[in-house]
Structures are given as C-alpha cells and as structure tokens.
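Please see the structure below; I have some questions.
The letters A, B, C and D name the chains in turn, as written, and every chain counts its residues from 1.
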Amino acid sequence: MTSIELRHLTTDGPGERPLLDDITLTVPSGSTLAITGPAGAGKSRLLRTIVGLEEQTSGDVLIDDIVVNAVDPRGRDVSMVFEDYALHPHLDVFDNLAFSSVLRKGVDKDAVSDRIHEVAELLALTDLLDLRPADLDEPQRQRVALGRSLVRDATVYLFDAPFTAQSERVRAHVRSVTMQWQAEASRTSIFTTNHVEEALSTADRVAVMHQGFIHQVGTPRELYDQPANMFVAGFLGSPPMNLVPAIPMGQQLVMPLATMLIDDDLAERIGERSVVVAGIRPEHCLDATGPGGPAVSDRVEFTTRIDDIEWRGSSQFAYLGYDIEPEIEAVMGEVEELLEFDLFQSFLVAQLPAESALRPGMSIRVVVPRQRIHVFDPETGENLTLPR
Amino acid sequence: MAGVAAAAMTCAPLAACGAADKAVPYLPVITWQVGPDRVDAEALAQTCNDQAGGDYRIEVEQLPTDVSERHALLTRRLLAHDDSIDLMSLDSALTTEFAEAGFLAPIPAAQASALSEGVTPAALAAASHDGRLVVAPWFLDPQVLWSKGSTAERAGLDTTKPISWDDLVAGAQRLGVTIEIEDRDGSGLPEWVNGLVAGGGGSLVSGTGRAARAGLDSAGGREAASIVELYQGAGVGPGPTADAVTRFAGAGGGFLVAPTSAISDPALSAVQADMRVAGYPTVADASVAPLAGVGLAVPAHASDLDQQAAFTVIECLTSPTSLQALATVSQHTPSRIGLLDDPAVAGGFRSAEVARASATTGVTVPAVAAWANVVDAIDETWRPLAGVTQDATPRTSQAEVQAALDGTIR
Amino acid sequence: MTPSVRSRLWASATSFALGFGVGNYGVLQVPRPDQWVWIAVAVVLMLTGAAGVLFADTSRAVSFWAILGVEVFAVFTLVPLLWTFTVATTPEGATARTLLPQDISWSAFDGAISSGTLRSAATTSLLVALVATVVAVALAVPAAYALVRLQVRARRLVYGLVVAALLMPVLALAGPFADQLVSLGAYGSRLALVVPMLVVTLPLATWLCVTVMRDVPWTLLDAVRADGATRPQQLRRFAVPHLGPGVVAAALLVFVAACNDFALGAGLAPDRPSLPLPATLLVASRQVDGSSAVAAAGLLWLLIPLIVLLVLPRRINHLLGRSYR
Amino acid sequence: MRGWRWLAPAVLVLLVVTVWPIGRAVWLSLTRSTLTGAGDQRFVGIDNYTDILSSRSWWLAVAATLAIVAVAVVLQLVLGLAFAVALRRLTVAWPVTRVLVLLPFGLLAIVSAVVWRDAVTSGFAVDWFGLDDVGPTGALVATTVGEVWRGTGITAVILLAGLLRVPTTLITSAIADGATARQRLTRVVLPAMAPAIAVATTYRALDALRILEGPLVTDAPGASVRTASFVVWDTTFSSFETGLGAAMSVVLLLLAGLLAAFLVPVLRVRRVV
C-alpha cells in the first residue's frame, strides 16, 4: 500500500561521526525490512527519524513518494512500537490497545473494539484486558505494545526490537502472528532487531547497520552468501565468520593454518596489498573424515590440533588455535578500533556434526571448499571475492 | 523582683564590684504601663521618683493605642504573669473583666478609704467590683462640646445650657462647619452610642455577667440611631475619628465632641485660647455625657514587695499634687471632683463647671466582663455610619451585642 | 517547515505579542518609574520572540516555549520580592507607591537588626524551632525506618495519622493549647511553646524521613552486614553516608517550617519574651512605618531558607518533590 | 512486632500533642468559658454548636474560605503546571530556578500578606491597575493572591517531580501515534502525573484552608468577607471566648476532615509506603 524511501538521510551527531550517515533505502509497498546491527548502531534513531520524532540534518524521508520532511508525526500517520513499550500506566490493557486508534476523529468505536479483541486473541492478551501495565510481566507488556500498533490502521509500521522480551518459545509464535497480519493486508513495515537470525528468517530484506551507516541491504540469502564487506560478514551468522589475516604470495594466500591457491581474477583484485583478510564460515570448515568432507573437490585443507570442543546439542564447535605475527596483529587491532567491533580472534571455529567423536587434544584434518572462502580488504572491508 | 535579679546578675560575676561589700539596697523598679491618654506620665513619674527619694523607681511603658489591641495585649500579658507589669493605667471599661478574671490585686483596706474619699459615684463604681475597690480611681473624663470662638453664637446656639443634638446639627449645617467626634483609640463609637442610648432614657446594657441584657432594641436605642442618622444625613462630619482634633483645628472645624482633656492636645495649640466649652449635647432633655477614664491598678500576680511598692506609687500618683498636675496640665477631670474647687486648679482647668456637672450626670460604659466584645459588636453594626437607620440598626445591633454578652457567635 | 520550526515560530509570535501588549499597557497606563519595569519586561519578551525567529531553523535543541515560560516565571516570582524590598527600604514616614524603590533607606533593616523586640522574637523562634526540630527528628528517624523497613501492623493507620496531623489546621489546636497552658500556669514561657510546636514538626519530620528512607539503597546495608560489619561500622559505613544527607535536609526543612509557624506562636504567647517572630511581625505591622519594618525583617528572615536552599538546592527540591507526590 | 518498638515513641508523642488538645477542645466546646476565666464558666452542652451551625456569619465565612481554597488551588495548579513544564525543558536554568522556585515559600506568610495588602491599598498596584479604594475585601483578595504566589513554587516543584516521572517515551510514543498537543496533555501527561496532581491539590487545599495571616492583616470593622480561620482566631484570641472558640475549632477540624475525605477518594490520592 505504501512505500518508504530514504534519500541520503544524514543526522549530525555531537562528535565527528554522524548519527545517521547518508542513508539511502527503499522499502517497497507491502514488504518488510529488518534493520539489524549491534547496539548503538542508530537503528532506533533511524525509526524515530522516519516517524518524525527526530529531525535529520539533511536528506529526505519519503512516504508514498511524497517528501514528508516538514510533516509532523500526526501527518505522517506512521505507527511505531517502542523498545520500552511506552504503555500508559493509568490505562488498562484494553485502553492501552485502543489508545493509538482513537486519537483521530471519526473512529468507529465498535470496529476498534472488535479489532482489539481479535488482536488480543492473536497475542494471547485476552485474559489480561482488564489489567494495568504494572500488573503485567515483561513479555506481556511487549505484546501489548505490539498489539497497540496492530490495532491501529496506519500507513507504515515501525517496530523497534519488538520481540526481544519474548521467551524463545513464544517469540516464534508472536513473530509469525505479526508477520501473518502484515502479509494479509500487505502492509509495509520496518523492524529492528539485535538477533541476526530473526532478521534473516523474518524479513523480505535485511539492512545491516553499524555506526549510523547501512553497510548492505539485500535479501537474507544475498547477505549471508555474498556479504559486501567484512563487517557484514562478521556480523551475520552464529558463531560468526572466522576472519583470519592472510598474506598474498604470488598465486598463493598464506593463512595462519593453511595456504590456498588463488585464481587470477582474485589475484588481480588483491593487487599490491600486502595483507588481506580471509573469511571462512564455521559451517564450511569440514572434518575431512566426517560427513561431506570427502566430497569436497576444490578444497583447501590443513591439519591442526583441537584446543577445545563446545558441544551444542545439534552440533559441536571445535576451536583451533593459531598464532599470528605481532605486526599483523597490530593491523587487525587498528581495524577493530576503527569499526568499534570485535571481528578477529586467535582461533578458527569449525562446526562439526554432533556425533563426531573428536576430542580436545586430538588432531583434526579440516577441509574448506575453496569457493566458500571470502577475501576482504583489511582497510576498506571490501569483499574482494565478489564479482564486480 | 526584676530589678534585684538584674542587679544580682550584673554584680555576681564581678567579685570586686562596688556594692559587693555592703548589702544591695532593694530598689523596686515599678514598670508602669500607660495607655494613650494625654497624661504626661513621664513627668508624673519623675515627680514621684524625686519625692520617693530612692524608695522606688517608676519606668513608663506605652501600651498600644487601639483599644482592642490594648485589651488583647494586657490580657495576654496578665495571663502570662508578665513581670514587666507592676502598675497599669487601666481603662475604666476593663475593670469588671479584669477583676472577674482575678487579674487585679485588691486595694489594701488601709488605702481604700483614702482613695475613695471625695470620688464621684460614677468613678467609684467604675473602679470597684463586687463592692470592693480594685482600681485606684484616677480620672474620669466626661465628654463635652467644644467650639471654636464664636461658632456657637453664630450658629444661634445658647451655650449656657446644654444644646440638643438636633439644634447642634442644624446649626453646624447652617454654618457649614463640622461636628467632630473624638475617638482616640477605637472606643469612640461605642461610647457615643452608650451616651446616646442613656440620653434617650435607655441603657445599652442592663444586668451583669451572663445575665446582662442588651438594651438597644428600645426607645433609647432607636433614639440613638436616629441621632446618628441625623448626624450622618446632615453631612456635618465623619463620625468618631482618630484625627478629629486635627480636623477641628482646621478650617472647616466648628464643634468638637471630646473629653475635657482634648483641649490640651498639641494639635489644638493654635486654637486653644479661643475654644469654648458647653455641656454634652442632649438627646431628650438630659445631657448625659459619656464618661471614660483611667484608674491605676496593680496586677495580682506581682510579688508582694512589688505590690507594696506599686501601692506606694499609687499613693503618690493620686496625691493632690499629681491630680492637680493632671487637671491643669492635661485637663483630665480628676475623679476627686472636689479638687476642681481648689483655686490653684480652678484657674488652670478650662472646663471646670461643665465637667463638674457632667461628671455626676454622665454615664460610664456598662460594667460587664464582655465589654471588649461589645465594642467589636457595636463597631460591626454601626459602621459605616451611612448604613445606620433607626429602624434596622438597633435591632441588628441588639442581636450582636446580646451575642457578645452571651459569648455566642455574632 | 518542520514541526519544530513551526513550534518555535509560534512561541516567538506569542512572546512577541505578549511583549507588545505589556509594553503598550506600560507606556499608556503605568506612571514612571515603574514604566521602565514594564518596558524592560516587554523588551525581554520581544527579544525572545526575535531570537526565536532567528534560531527557528537551526538544529539547536532548545524550546522557546520553555524560555518564554521561565521568563514569565521569573517575573512572577521576582516582582513581589522586589516590591517587598521597596517596602522595606521606604524612608520613615513615607509610603511606597512605586514598584521600583525611589529613595533607598536602610533604616528599617537597621531597626530590624537592632530592635530588641525583634531580636528577642527571632531568638525565641530559632530556639523553639531548634528544640522542636531536634526532638521531632530524633523521634521521626526510627519511626520512618520502621514504616519503610519493618513489618508493622497498622502501618497505613499510623501513616494516615501522620498525614492527617500534617494537613490539620493547626490553628484549631491553638485555643485548647492556650487554655491548657494557662491552667498549668505555663502560658508565656518560651519552653511551653516547644510541645505544641511538635504538632508542626513531628508529622513533617516523619513524612520527610519516610521519603529519605525510601530512597536509601537498603541492599547495601545487607551487603555491609553480610561482609561482617559491626554495629558501629554499619553506622559509619552505611547510615552516615546514605541516611545522613537526607536526614539533614529533612531536618533543615522542618526547622524552617517550625521557624515560620504563625498560628501557634501567635496564640500561645503574649508579646514577650515568648512571642515568636512571625507573630511579632503581625504586631509590628500595625505600628507606624510598620510595613517597612515587617518587610525588612521578613527579607532578613528569608536568608535562613535562602541559605538552606543555596546549600542543598538539589536535595531540597528532590525531597519536597518526592515527598508530596 | 519489632517495628512497633521503633514506631511507638513517635506515635505516642504525636497522639499526645494532637489528641490531647483535640480532646480538650471537645470538652471546652461544651462549656461557656473565657480564656481569662472572667464571667461564669458553665457547662452548656451543645449550645455552642447550635449557635455556630445556625449562625449566618459562620456559614458566610465558611463559604468565603471554600471559595478562597478553590480559587487558590486552581490557580496554583494551573500556574504550577505551566511553570513545571517550562522548567523541565530548560534544564540549563535549573541551578537558578531551583532556588527561585522555593524562595517565595520561604518568605513568611505574614510578610507576604502585609506587602500584598500594601500593594493594593497604597502601593504600586493602585497606579498600575487604576485601583480605587479596594476596602478590606479587596485587600483580602490581594493577600490571597499573595498566598497563591507563595504556594505556586512548591506546587511547581511537586508537579515537576510528577512530570519527571512520566516516561519520555510515553510522550514520544503518543507523538508518533499522531496525538495532538492537547491530546498529549489530557490523555498522556495529566493522567500519568495524576498522583502528583492529587497530592498537590490536597496539600494546597488544606494549606489554603488554614491561612490566617492575610485575613488578620486585612480585617477591618464591618468587613464583609471573613474566613473561617479568622473567625476562630478572633473568637479565641481577641474575644477570649474559649468555649465558643473550641467549638469552632472542632467544626473547623471537621471541615478540614470533610475536605480531605472529599478530595482523597475523588483524586484517588494514595502513596504506598
């Protein structure tokens, strides 16, 4: 029904770095965008700017192709769920649910009441309608906040971390209810989340945001398979991608534990760089003797000792330590400092099947499909393996 | 008592101070609380101090001018057994209340007869309670009619005999002069009403204690209201005011209804020589002048020694010399009216004849404990004067005064 | 035009219009020298309006409505205080007729300081308030502790009693107290004022101390005790730093309240030596040049709360705000 | 019951200093007596009460008092709220406003009453607003305004504390939902700070009920408007009619109790200990 577009949205902060950094985004009508990123990335601010609670320094917000920079929140008609719920302590749940809907004149009270009951049913709030927020627990309050937004008939829906308080079990349900409701009327929505999986599994498209900057926007699969840069690569996935320093030496890339051959294309892109960063997802580090291992043909392989094993029920993580030279470590340190994000570790994580009998202290032979290895520029973070 | 304490305090720390060797002579310091009358208390005290030759020393302290404040303050101090009161100039109107409250030390029998000798009956009554003298009668001023120069003649009034209010108002109106009524401390209006009611043959209050009955809703009361109405309607003056004397001395002033002592007011110094006196204006036929004065009283809570000294002071203050000064300097009518016949006084007292007559025919305020509240009640109902009518005022005022007497809400 | 710009422009317009109105009324209706006050206020308001227009389109996070409100608040608060000052500095025999002082004469302040009556009254007030405050706080601290921390049956009843006593018209008790004192023969002594004064101080002290106690991090006490602190150590390490400042602030407020009590002091004392300052000022106000003396004494007396406020502004505001909510 | 050991002294003293005089008032109110002991003192039963309750002047005084209370409370709430809103947003000025806001409350009520009376009888307000002789009633109004002035600061402090407890997201969320400024005030801010408003109202109402200084300073013979507390004062300490004064005191206490009993449930005042 309604699309949202942001053009070069920038908000200056108190310091050097802007709070929102030249954000350009399009959320087509009827689609869902998830914004994910570490705490302090500027996600909430972005939502608040779209609603009109905060003003940008430059750039435009467009709702339905109309620039709404000078329109107040009432005029933008956007519904927003706040991270801390913003429930009215003096109203009971029913009135809280009704609150946003009855602010405008000419509301059909009966229709609203019906919708409230409907939404309450969906979010398991029916028994709580007469209670006040003080009597509810954290997840219930969050559901009320969510419900308040669902009851309302707005052009666009913004959810600030809407599922965080829900227990693992309920979260899936609440999420599906919300998404279903969303899909039914093909409503446009944006939600933020700290949970990478949530973003990947729920939204049509995902934006990865950090330091006020959108690093990449795309479908979940695009993001996962073809991270645009080192940050996106390091942020998505759990456990995160292994990022190791690598030194190009002619046709070879020397990594702490292994050495991989590089093709001409990649070699050309690496160019004169003396150090790059190689990224390998844990699930692509396969036990050569385990399932899938032997089948890999174009492979990089190495043998090392297992430092530790973490058993996760459905799988196991093997920690494989390595050493790097101090000057390279210094370079890595600088990158982390610039990004204000912990990317590098001094070990590789390999995901092993749950039934694997490998134990700490034993030696393991690891194979990695060569095309699964990403190579990044350590300074810009650019993914050198992506076709241009 | 206070004096001893003070002496002891100052001496104690100084072992070598002069009086340490010999016994400190007891010098009672008598603090004399005086009201806003025209008595030159300092001078009288000085004279007595000189005469006493060190038996006591009088210190004068001034009480508030306003009658209800003075009443409230004195009452509270007496309740608190304030030792800064050894002797007080007590309005004759308060005698009953204070005596009933047990605030007043009875006059020693030895002095009582001397003090009441030759005192007019009204003054004696105003100084007594339950047949005992509780206050030393001092002066009781009758109100008289003062006029400036030939004003009375020009108004066609015969000053040799009392003039009626009707004639007085008409005369003043004709001449375009005012009739000022003095009210130094806020009790002027009740005293005026009291006098008018009595002149009309009634009495403001009859009976005593809680059995007292207000007599305003009567022929006398209505007579009084009609005169106030007449006075107000003629526009010949603002009624009882604090600055009546000043206004009388001014250009528009013609008559002044005030006590005999008014003439000694500094504000009248310019016209003093030219002032004439006549009896208090009559309501019906009789001239009934309001009588108000001051007695000397000693608080019951004072120590024996201080009481003794205070009574000695009273003896001095009521001595012929002091009363003479009272009559000739401040023109107060001494309670011992016979004193006016003394040639030494007769020359210096301006209104002797009128005063002598009025002091016997005049009327004091009723001897009821609730008089202070009656003052408030009359103030409430008779002010503003423009609102007084002979039909309504006596009735409403009757209720209020009765309530004040009964101690119920007004 | 963004919403915040619009809001600022509205604020500016209001401020300007208000300033214009004030200025015009002042010029037309108010004689000098007070005219200058009106003009000054008008100028400030109109400048605010102009500044609002100038700064409307900047990203500065400032609300011109708030500035306008604070300006009105300042005028509202300060004009009567200025008038009090003017009354206080009016020369003897003159009557203050303008808000701005015409001739400043400090004689009323001199008089207030050197007057034996006022000095004795101030001493009475301070003395009575001090004793009543000390007694009340000593009783209130354990009571508040019990109300906040311990299991007390009828807690609400006790609390209701405290609140009722706090809000009760004290005047209603003055008469019976006076009657009692007279029959005990204690009417008129300074110390006799202390017991009635507890009616003012004790509920207030309890009420404020409850607020103080509720703000104390009690888990810290548990931690200190778990660490094995002895009683004196608990007192030194926990009670003094965490309870001390709040109780001191509460005591100061109680003290000021007791100093400022009128009805009890005026009813239970003749004029001396036990008449406290507020009641003495009532008597003084009826005398010649009384207003000047009253205003001067009032301004001097204002120094006590002012010092308390200046020393502990944050805590006092906090305590008052939290107590009465 | 360990708590009572800590509580008992305070409660005991409080009971002694309140219940004792109230009891004495009740007993005195059944007699006709004076503070001085002058006049005969006797038991009159409920005569004093019937006198008071059937007295027109008493009920006029009560009506005047209630009118003053209502006006004072409303003015203080409105002004206090406006100032609290302004003060909250201008945090830069806090060091100054924090002191300024409570300064009037520090001025003695009697001083405020005297100067406000002077302002309208002979002072600047006469010229500013072209006042003619305002009389005792006008002066009483002025001192009431003075009381409003004194109390507005403390009201603002209470309301500010309440306002600061309204979560900011509650307001921003309402803005996001498209609430107008008016809706935000009436539907979000005021309800959320209702406890503070309730306490401020109760506290200011009962405080306004007991003001005595203004009426004392402005009273004149024949004044048409008097307040209940003034009448109590006048009866007890000017006329020294203790019996009648005690009866009035009891009625005044009942009046305060009724006012509280009306305000507390209506405003749902509650403060959880």
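The criterion applied here is as follows: a residue touches a chain if its C-beta (ideal position, glycine included) is under 8 Å from a C-beta of that chain, and two chains touch if they have at least 3 such contacts.
Keep in mind that what you see is a predicted model, and the values were worked out from it rather than measured.
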Computed over C-alpha atoms, the centroid farthest from that of chain C is that of chain A
Between the Cα centroids of chain A and chain B the separation in whole angstrom comes to 99
Cα centre of chain A to Cα centre of chain D, whole Å, reads 59
Chain centres from averaged Cα atoms put chain B and chain D apart, in whole Å, by 42
Distance between the CA centroids of chain A and chain C (whole Å) is 55
Expected list for chain C, residues touching two or more other chains, is 182
Chain A residues touching 2+ other chains are 52, 73
Touching at least 2 other chains, the residues of chain D are 35, 237
Chain pairs that touch, by label, are A-C, A-D, B-C, B-D, C-D
As the complex stands, chain D meets chain A at residues 167, 169-170, 172-180, 183, 187-188, 191-192, 194
Per the touch rule, the chain C residues reaching chain A in their complex are 1-4, 6, 59
The residues of chain B that touch chain D in their complex are 68, 72, 75, 78-79, 96-98, 100-103, 209-210, 369-370, 372-373, 376, 379-380, 383-384, 404, 406-410
Chain C partner, complex, touching residues on chain A are 12, 52, 55, 57, 69-73
Residue positions on chain B within touch of chain C in the complex are 64, 66, 69, 73, 76-77, 79-82, 84
